[in-house]
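Common to both upcoming complexes is subunit A, partnered first by subunit B, then by subunit C.
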Partner chain A sequence: MKKQTKIIWNVGLILGLLLVLFILEQVFPSGSMLFTVLKKGAIYALVAVSMNLLNGFTGLFSLGQAGFMLLGAYTYGILTIPVESRASVYQYFDGGIVQFAIPVPLALIAGGIVAAIFAYLIGLPVLRLKSDYLAIATLGFAEIIRAVFQWDKLGPLTNGSNLLRNFPAFKSVLYPFIVAGICIAIIVMLINSTYGRAFKAIRDDEIAAEAMGINLAHHKRLAFVISSFFAGISGGLLAMYQTTIQASMFKSAMTYEILLIVVIGGIGSVTGSCISSFLFIACSEWWLRFLDNDNLYIGSFHVPLLRAGFRKVVFAVIIMCVVLFYRKGIMGEKEFSIEGIANFFRRKFKKEKVTEGGASK
Partner chain B sequence: MSTENVLKVENITMQFGGVIAVDNMNLEINKGEIVSLIGPNGAGKTTAFNVITGVYAPSNGAIYYKGNKIVQNHPQGKMKKLYRGENPAMYESHRVLAPTPDKITCLGIARTFQNIRLFKSQTVFDNILIAKHMLRTSNVFTATFHLNGKEEARMREESERLLEIVGLTDVRNELATSLPYGKQRRLEIARALATKPELLLLDEPAAGMNPQETLELTEFIDEIRKKFDLTVFMIEHHMDLVMEISDRIYVLDFGKPIAEGTPEEIRNNPKVIEAYLGGADDE
Partner chain C sequence: MEWINQNLPYLMAGISVGGQYALIAIGYTMVYGILRLINFAHGDIFMVAGLIMVYAMTVMPIYVAIPLMIILTVLLGFLVERVAYKPLRSAPRMSIMISAIGVSYLLQNLALYVTGGLSQQYPPIPWLSDTITVFGATTKRVTVITPVLTIILVLALVALIKYTKIGMAMRAASRDFETSQLMGIKINSVISMTFIIGSFLAAIGSMLFFTNYTGVTPTAGAMPGLKAFVAAVFGGIGSIPGAVIGAFIIGICENIIKGLGWTTFSDAFTFALLIVVLIAKPTGLFGEKVIDKV
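Now for the complex of A and B:
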């Protein structure tokens, strides 16, 4: 397929998707579970892709994502709470020390930048470690950040362990889709650039990459900082989605959820991360909800076993099955693309032709 | 042939704990030469390579590339007490220079590995293209937003041409690891060439090859040396290859250089024969 047709197809697909979302929003009530899944799914897709950039493309096994999201979310919250409502939000800290508010897009970017700065500083010592040790160190960092943000002494800035609220949120489902879409597009462009190739080289063979003139320390730090930048932005989006934030939300369990999305989607596949993010959120929040209902009847048959929390059991079993049958995740290292689908159908079509011919003989 | 000095290794000692892997090695490689480093197993040949390419900082000694000092070290810390090599105090007052391997590659010294190290999940073409990353002028922003179109196009074109020269164009879209062994070797050499080196270090390029493949490799090395105006320094066990192609040979035994000279001289050197076949008193 020509490059131009490919671009036209992709642009068309994106516009179509946005149109569908827009129509959905007009048709369904805004409280529908569908929108919860779509909003949260888009946000998780962004953070999963940013984690994939590290784990899948650069080969750095980092578990600090929740910490960077927390930084992004807090930066966003602190910078956008309207001045008039600061007194009520920071009621235990005399209205806090930040007495201004900046526009939402700027605050999102600021969240990314704060996360990136922390990533740079943390990366200096931590990126000397490899594989499991790096994972432990980054996980530790995320926990420390969470504890620090709950510290009373920082109250005037972070509101201690109290909620941050009243900051602007989005109403339309299009907002997280567009922001996450732009960010993911940038990550994809980075992966396809010469730097992305260098990242993949480091993943495949560090020693060879270094012998080819790729500065390991510099490139690892770059990947780490960029990944954290986008994790920070997704943290800001998450704050907007949840309308309140609290440091205790960003537990290590959150990082594991994201890691699960990345693994199920396929380590090293951007589209895999996106698809599995929506599936994951839909399964955990929506499709399996009925399992929590202990008074479920089919006709007059009372379905046994069901009770609050049962969906988690089923969910765990589903994940085990996925991991057992798709060793490399849903997408493996492949990407979902128009071209791939076109080729798939072309092959199918050809095969059918061949079998038809065989039948006529 | 001019006799400009490309690489000069001066009093290099590499000691790991109590083991001296390379013992006071001196060697010089002149422009345009093919120099081989031979020696029995465990003589320290690959360690010498790793010191030159920056994988290890030497325990003692200095390395010059085209007259500039690139590596220099003296026994420090724990090694100060443990050091059993020669000239322990010779470089003490000098500055320590220990660049990482990528810096050394950037200077123009490229290498291949004894056990092939290709980028496994990448295609043949991408393997070459990755090596071009070193020669970039774009930063991460211009590269991400594809503002470096010219450079990118040039990288691709040069890689394409390189593939043609080494005869791998027909397999350019295959996974690097799916190639037969001989071609993987070729690709690894091509990848090293993509960094536009002046000095090429080959670590056992003919390892695991049959005589026919070895013969092809000999021609290939000679060909690329002429085409790219290279100086070649290699470790090799295949004596046919070494004797055929080398201008000079260094022989290493137990980390110590025991002989140096043209293939003819080395062949008749009693010390070398003893190192390879064992002296009479060993038995």
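Now for the complex of A and C:
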């Protein structure tokens, strides 16, 4: 397929998706579960892709994503709470020390930048570690960040362990889609650039990559900082989605969830991460809800075991099955693309032709 | 002297918590020594042991409940290894670690389902929960018993590893996984044994830990588990005496920090210590230096 047609197809597909979302929003009531899934799914897709950049493309097993999301969320919250409502939000800290508010897009980017700066500083010592040591050290950093943000002495800035609220949130489902879409597009472009090829080389064999002239320390740091930048932005989006934030939300369990999304989608596949994040959120928030309902009857048969929490057990069993039996996840290392689908149909078509020819003989 | 008198309760609590961490840390360090796997589910096995005890005590007397709890916990550890780790033995290390995270997720959700998310009151264990006075400080008897019991168990374990056949097999497997298989060691039974010992110690540890803290919640195992892992890394992963000493140091430091009024940072301190150790001396206090050949 020619490059130009490919671009046209892709642009058309994206516009079509946005149009469908717009129409859905007009048709369904805004309280529908569908929008919860779409909004949260888009945000998780972004953070899953950013984690995939690190785990799947650079081979750095980092578990600090929740910490960087926390930084992004807090930066966003602190910078955008309107000045007039600061007194009520920071009621225990005399209205806090930040007495200005900046526009939402700027605050989102600021969240990303703060996360990136922290990632740079953390990366200086930590990125020298290998595989599981790196994982446990980044997990430790996320926990330290969480403890620091709950500290009373920082209360005028972070509101201690109290909620941050009253900051602007998004109404339309299009907003998280557009922001996450732009960010993911940037990540994809990065992966396809020379930097991306260097990342993949590091993942496949560090020593060989170094021998080919790739500066290991520099590229690892770059991947870590960029991944954290986008985790920070998705943290800001998450704050907008939830309308309140609290440091105790960003536990290591959150990182594990994101890691599971990446694994289910396929480590090393951007589209896989996106698809699986929507599936993950839809399953955990929506489709399996009926399992929590203990008055479920099939005919006159009262289904046993069902009560609050059963949904999560079933969900965890499904995840274990994926981890054990479909180790490659939904997409493996492949990407979903127009070209792939076109090729698939063409091959099928050709195959049929060949068999026809065989029959005529 | 006055300083000691003021801080004695914290110091004692520290030694006691350290002993409990040590019992969990041994499970981590042994599994890591052989499989090179951070068994994220170990902390949750510890939590499940607590829950089993809660439910067992409601229907049966204590002298049945404790052995039953230990047996079930050991069985759980054994099953987790067989179902979730064994099929992945030839897979990359990352997928087996992800499987461990999956098991941890499953156990936590299962606990959430069974308990309904409520904190379960841990039953008082006679004699252990009695209040006693040591040097003018009031505390539960378990505080004093824990370090003693920990040291006895660790000595027994060290003897097991040094002088028995299975212990020799474990040492061989941790030195070189493949070669030990070639020498006729049944690697699967060695690994199962490792998990059985680890879960057994975690069961004892959970009894001591939850007697001090009254409630068992589905996420109660996560934090002690992570800290015990830090202790194992601190002492040099793969080394049992190292894990025990690391656990005592972490337990004591943590409680002294609490005593100084920095409770928010007691968890953070543990992780800061971890990072400092990893950077300054990645092999820990007693770990052996590994040289990678290209």
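Descriptive notes on the structure:
Operating definition for what follows: the second predicted complex is superposed on the first by the 350 of 361 C-alpha atoms of A that agree within 3 Å, B and C clash if a C-alpha of one lies under 4 Å from a C-alpha of the other, contacts with A are read in each partner's own complex, and residues count from 1 in each chain.
Here is the rule we go by: contacts are C-beta pairs under 8 Å (C-beta built on N, C-alpha and C of every residue); 3 or more make two chains touch, one makes a residue touch a chain.
All of these numbers come straight from a predicted model, not from anything done at the bench.
Superposition of the two structures on subunit A leaves subunit B and subunit C fitting side by side, clash-free. With both structures placed on the common chain, the touch criterion links A:A342 to neither subunit B nor subunit C. Once the two complexes are overlaid on the shared chain, A:I207 sits against subunit B and subunit C alike. Of the two partner chains, subunit B is the only one that A:E333 touches; subunit C does not reach it.
Contacts of A:I186 after superposition: subunit B is touched, whereas subunit C is not reached. Of the two partners subunit B and subunit C, it is C that touches the larger number of subunit A residues.
In the superposed model, the vertex angle subunit B-subunit A-subunit C (Cα centres) comes to 80 degrees (nearest 10).
By the document's definition of touching, of the two partners only subunit C reaches A:V323; subunit B does not.
Once the two complexes are laid over each other on the shared chain, residue contacts for A:E143 go to subunit C alone; subunit B is not touched.
Within the superposed three-chain model, A:I117 lies out of touch with both subunit B and subunit C [touch as defined at top].
This overlay, made by fitting chain A, leaves subunit B and subunit C with a least C-alpha separation of 9 Å. Common to the subunit B-facing and subunit C-facing surfaces of subunit A are residues 207.
Note for the complex: subunit C touches subunit A at residues 36, 38, 84, 87-88, 91, 93-95, 97-99, 101-106, 108-110, 112-113, 116-117, 219, 222, 226, 229-230, 233, 264-265, 267-268, 270-272, 274-275, 278-279, 282, 294.
Touching subunit B in their complex are the following residues of subunit A: 186, 189-190, 193-195, 197-198, 200-201, 203-205, 207-217, 222, 226, 268, 333.
Against subunit C, in their complex, subunit A makes its touches with residues 55, 61, 125-126, 128-129, 131-133, 135-137, 139-141, 143-144, 147-148, 150-152, 207, 252-253, 256, 259-260, 263, 267, 307-310, 312-313, 315-317, 319-320, 323-324, 327. By the touch criterion stated above, subunit B contacts subunit A in their complex at residues 53, 55, 100-103, 105-106, 110-111, 113, 117-122, 126, 129-134, 136, 138, 140, 143-146, 148, 152, 155, 191-192, 194-195.
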